[in-house]
Each structure stands twice: as C-alpha cells, then as structure tokens.
C-alpha cells in the first residue's frame, strides 16, 4: 500500500446502467479492479451483482456508461469477442455442457493451444484432481461440488487474466466450500478474480477488496478485512450480524 | 354512460359503420356476381381470421391447425345437405349446431394435450392433426365424398334457383338472401368476438399472453383460460366453415381442410395484424382481392411480353411476388397493417 | 420397444416382411435426412424453419437438373456399368447438396436472422420463404410434374435368398447410413462437432467461451439444408418423379419424425425416422388407409409418454 507506483486497473466499470426490458436494473455501478487481487461483489439478492457480471461479459450490454478492460472499451462488444480478450465467466448455473464429457468441456473452452497449455492443464488437474478421475465421463453425472470445480476450471485453460465467478458456493455443503476456497486461493496467482458471493464466510476468506451493491448501485467499497469488523455495514447491506 | 357516448363520437366507429354499410349495399353497388363472391369471401374469412386472432393474437397460442374447425363446420353442412339429403332449414341449423359442439369438444381435447408439450410442439402437432384429418376425409368416400367432395343444394329461400322478383333493380334470389344471412351471421360472430376479448376473460387472456409467469403467480389458472379461448375460437371457426359451405354449395378436403387454407389464414392474420380483431377484415380483403385480380394483371403483362417462356412464367406466378411481398410485410410491419396503424395512432395520442 | 417391430411378422409372410422392412428402412433413412437438418437447426438455433420442405424440393430439382446435364454429356445414366451409374447419381446428389447449402446460407442470412428469438415470426417468415421458393421452382422448371431419371442399374430388383428385393431401397439405405455415420463422426469426434453439441445445449455459454455462435448457426443451417437436399434427390429417385409441391408433402412427416425423436437430437432423428418409416410400410401393407394414422398414433403416444420427444437435445 505504500508503493509509489499505483498499478493500472485491469477492469474499470464506470457508471453503467443496464436495462432488462423495461426494468432499470443497474442504476449507476462503478468500480475498479486491480491485478493480483480478488474483488468480491456483495449485496442482497436482486441488488444487481449478477447483472453486473453479465454486463461486463457482454450478455446484457449496458445502456449507459463504460466498461474498460486493460484500457479498452468493451461495453459494446459481443460476448465471444470479450471472451477472446481474456475474460472468463463462470455463471450462477455453472453453464456446463452436461451431455459432453469433462474432456470435451475443456476442449470447447480451449481457444488456442499454445506453449503453456499443457502446463496449465497440469496445474488445473492438480488443483481439481477429481476432474482427472471423471475425465471421460459426461459432465452431467458429476456431483454438485465437482460440477462447480469444472465450471471454474474450464476458463482457466486459456490465458485468461480476469475471471468472473458468480455465486460458486450456491447449494454446496460446507466441506465442499472449504475445498473450493482452497482451490480458488491457488488460482489467485494466475488470474484476477471478481467474485459474487452471498456466503459471507467464503467472501471474507477469499476477498482482498469488496464492493457493496444496493438497489442496482455500488454504494460502498473497501478492504475486506475492514468489512469483517464493520457490523453496521454488514447489517445494513447484507442483513447479517456477528 | 360517458363510455357509450365516447364510443359513438369515436371516428373509428364511423369507419366501422361505413364498412358495414358497404357490405350491406354491395349487391346494389356492384351488379357483377364475381365481385359479390369476392366480398362475401372477404366477410367469411374475416370472421375466420378474427377467430384465429383470438387464439394467436389475444391468447398467444400458436396453432397451425385452426382450419380443422372450419372444415368441420363445412363438412357437417355438406354431409347433412348433400350426403344425407336432409335439405331443410332445421337440418341446416342442426348441422351448424353439431359442428359447433364437436369443434368445441375437439379443441378442448387438443387443449388437454397442449398442457404437456412446448408451444412449438403444439403448433406442429396441430398441423399434423389437420393434415391427418385432410387425408382421412380424402379417403372416407362413403361419408365425405372423398377427394371429389360433396355438392349440394340449400333449402327453401336460400337455394340458388329461388327467385322472388326484383327489388331496386336487383333480383331477389336465393343467392342474395344467402349473402345477407351470412353477413348477418358474420356480424354476430364479430360482435361476439369483440365482446369476448373486451370482457374480463379477454383481459385475463391478454395478460397471460404478455406474461404467463406473472399470471400464474397471480393465481390465474392460465391453462383453463387458454382452453376456454381456443374452444370459443374453434366454435366460431366452425360457423364460418358452415357459412362458406353454404355459399359455395360444395365441400371437399381441398376447399375446406387443406394446409394451403391454413397458410392463407396465417397470411391474412399477419398482414392484418395480430391482436386486433379488425385486422382480419383487412387481411382477408388484401388476400382475396389480390388473389382475384392479380392473375388478371399478370395475363395483361404476359400479353405484353411475348416469346420467352421464362419471362412469361416469371409474370405468371403472381404468388411468387405475393410471397416476397409477404416476407417484406412481416419484416417491416410485424404487427400487421392494422396493428401498426393502431400503434401509430396510440403513439400520437400519447404525444 | 424393438419387439414391436417384430410383431408384424406374425401377420405378414416372412418374404413380404423383408421387402417391407427394406422399404421401411429406406423410407426411414430418407426421412432421417430431411428431419435431421430440421431438428439440428431447431436444437442449435431454436429456429423453426418451415421452409425446410422447400429446400427438400429444391434438392430434388437441382439433382434432376444435374443428373440430366451430366447424362447428356456422358451418358452415364444409361450405361451398363454400375460404377458410372453410381457416379452420376452421387455427383448429382453432391451438386444438389452444394446448391441447396448455398441457398440455405442465403436464406439464413436474409430471412432467418431478423427473426431469431421469436418462434411465431419464424413460422410466419419461413412460410413466406416456402411460398417464394416453391414458386421459384415453378418459374424456373415449370409447374408440372416431371419424371425423375433413374440410373438404369438402380431399377429392378435382386434375388436374395429367394426374396425379391428392389435394388434402389438398398442403395438408399446404404447411402443414408453412410451419411448418418459421417454426421455422427463429425459431431462426436471433431472440435466443430463438440461446439455444435455444446451450442445445442447452451448457445449462450458457447458464446461466453469465445466462439462466434452465429457462424456455427450458418454452418449448421447450410449442412441441414444440404442433407435435406440429398434427401430430396434420393426421394425423387425413389418415387421416380418430382413436382413443385413435394416439399409441402414431406414437411409434415419430417416434423413428426423430429418431434418424436426429440428436437435437437441426431440419434432421435434416426430412431424416429426408422420408426415412422417401418410402421408406415407395415401398416400400409396390412390396412392401406391406416398408414398415416399409425404415424399420428405414434406421435400422440410418444408425446404422452415423453413430451419432449424420445431423446434430449444434444445427443
């Protein structure tokens, strides 16, 4: 924090408004994300966190505002173009191809085979060993936790600098969540992660920074460790105490 | 009370009165039978298309087999008058009645089916059903007269050869009387349909069409409403079918049950506009008039371009241009001509 | 389920059974060609293409023209060598396939693109497209039925184990199977196939992974159209004639097959097509008038047991 050189933000979201049909979901969302960190987006259900991720990914283009990735405006780009720039997306429903095998899921995800692909695959399988076991099985038969791991592992096969992960802990047992936290920890060095999480425990364990969402706006930000101790904020925006 | 007053002052109301007057006076305005024929077909098909609009435009169900009920109506009239030879007013009315009941019941059965399958499946299944009935009627010669169909006469004053003398220069024939009877029936059907879509039931249907999930959440048994709507529409279609059979005094698979007729209805409802009962009138008029007069135009053009068979064929196939025109209409006027007009008007009002 | 198809043996003499089975399988194969394209297009792009039947007809007509032209040049159609017969036949089919694939791409760009997302408008606009395409056939080739030329060696029958078997259905079955295996292999083993299968399951996710799904759409549309065209050419050879309205006749069957098999499933198309083809032929022999009825019955029964069709999307 005392560095004289402030690194450039990897992703800048500037005042975006997004509509779904007639509904004005995002009413001014702004935040920045710096390399080497895990940023957590927190807030109640319906506060606009998922919509924000989808806007970044180009699935719900914003009607106003800008999104800059490595200083490049991406708010009007198509999802596949954005993906090719190096952003990976793990949606809430995981987006797995259940009728394809684990191997095929990876092959679909892999955009380019280059020098470090093998290395990356080794790393992925090291972090998520179960995937190796079920390599040739259809993704649909995996357990909930394994599916989540596959969903997160998939985009890693490319040189993605940014990973958007939406509520990975949803529907998972606590012990699986622990595994997930460990795994994501190991990923930190390879990609910048924006995490949307309802599970505060997980969020606090993984996040460096946070941004609070309320009613489609970003209302507060700061460092995770400070939030953990801030009862007032937690109660007000997340409805949790203690 | 205010509402009623407004309705009369409404300029569109006078337009509708004008249209009605036109239909009433057609036999007197035009002495040619051909024109009378075209106009009545417009009237009959307007009602049919409007009934389809109730399902498609108001309830949002995509059915591709609606003409099935049209066929049922036609066939009952044809079978009673023709095959069974029961030529009397009573039997004519009975034919209508039975076809209404059967159509209603059939559409409920098919509706039961639709609960379990996705919308597009339903569309395809209804198409398949209609096609099946088409083939069935082509093959059951003893009942339906097979592919050749059934020709028949109408009772009493409706019969073609009935004549009563002249009235304002127009002969009072069975044809004329049939014309007015059908016009009256169609008018009643139209009023019925308008009442239906503006009634509370109709409003629920519109809300279901626009947002089915929300309607279910609000506690409406959407399925029930959809079945009611489609039953109603199929009964109306049956009546129009009976009218059609009455007018042409003939019924056959090709004239009352075929896929091309369904396509025509589809064309008409798109051109006219979905969700605008009146759109049916415009759509029917558009199609009937084009169909009747374009071929004449093309004969004219063909006579100007002698020689090359390709060029002749190019001008001969008016349906080709119609198809292109149709695609353009779908593209530029997705709400149909009447629908788009209504939208423009309501936008102007809001401004 | 397979047992049902062996039932007819009880009612029909074994020899006739074999003949019927072969024509049933042939019909099934041809139905597969037409319905697979429709099913895959719907599965991947969620597009209802009612003009698919017209593509079928175009395939038949292009095949007709190709065959006649090649025959004029080389006389292969009438030659006694089965090799050249096969050659001209396959060449015409390929020509038809390529031609209709191009037509398909044009159709997809102009007519289908604007109506992605709305099944209703797809129905409308593809009906219009169907009319236009059918009329175009009438304009180019004339409105009448035409006899379809058949290579000499395809006519007639073989005597196999004392059973008289028409030659052509056998050829149709073989070609159909080969095409099925080609499609199957592409879908199962190539990366392209994987992406298409993934797209059928979840087109949005495929986009998110960096693939331009729209290009794949166009490709699948072209491929589906080509298959329908080949089906058309082969069907025409089967019934030995072509007419402009043949598209409309076949689309209902193709629709039924696609629904029975499950939209978006190749395996479903094959199974559905064979079921319809076989049942139609058996029943047509036993009770001619009920032939179409059995198809309808099949449709109703299967939809009652499994409302989404036999096989799920993406298989």
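Labels for the chains are A, B and C, by order of writing; each one numbers its residues from 1.
Here, a contact is a pair of C-beta atoms (placed from the backbone, for glycine too) under 8 Å apart; a residue touches a chain by one contact, two chains touch by 3 or more.
On a predicted model such as this, the values are computed, not experimentally measured, just so you know.
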Comparing chain centres built from Cα atoms against the global Cα centre, which chain wins on proximity?
C
Top of the farthest list for chain B, CA-centroid basis, is A
Could you tell me the distance, in whole angstrom, between the mean C-alpha positions of chain B and chain C?
34
Whole-Å distance, chain A centre to chain C centre, using C-alpha means?
44
Just the number, please: Cα centre separation of chain A and chain B in whole Å.
55
Chain B residues touching chain C in their complex are 56, 62, 64, 113, 116-121, 123-125, 127-129, 131-132, 135-136, 139, 259, 263, 266-267, 270, 310, 313-314, 316-317, 319-320, 322-324, 326-327, 330-331, 334
In the complex formed with chain C, which residues of chain A make contact?
57, 59, 78-80, 83-84, 89, 91, 95, 97-100, 104-105, 107-109, 111, 154-155, 158
In their complex, what parts of chain C are in touch with chain A?
191, 194-195, 197-198, 201-202, 204-213, 312-315
For a test of understanding, state which residues of chain C touch chain B in their complex under the given definition.
42, 48, 111, 114-115, 119-121, 123-125, 127-129, 131-132, 135-136, 138-140, 142, 248, 252, 255-256, 259, 289, 292-293, 296, 299-300, 303-304, 307-308
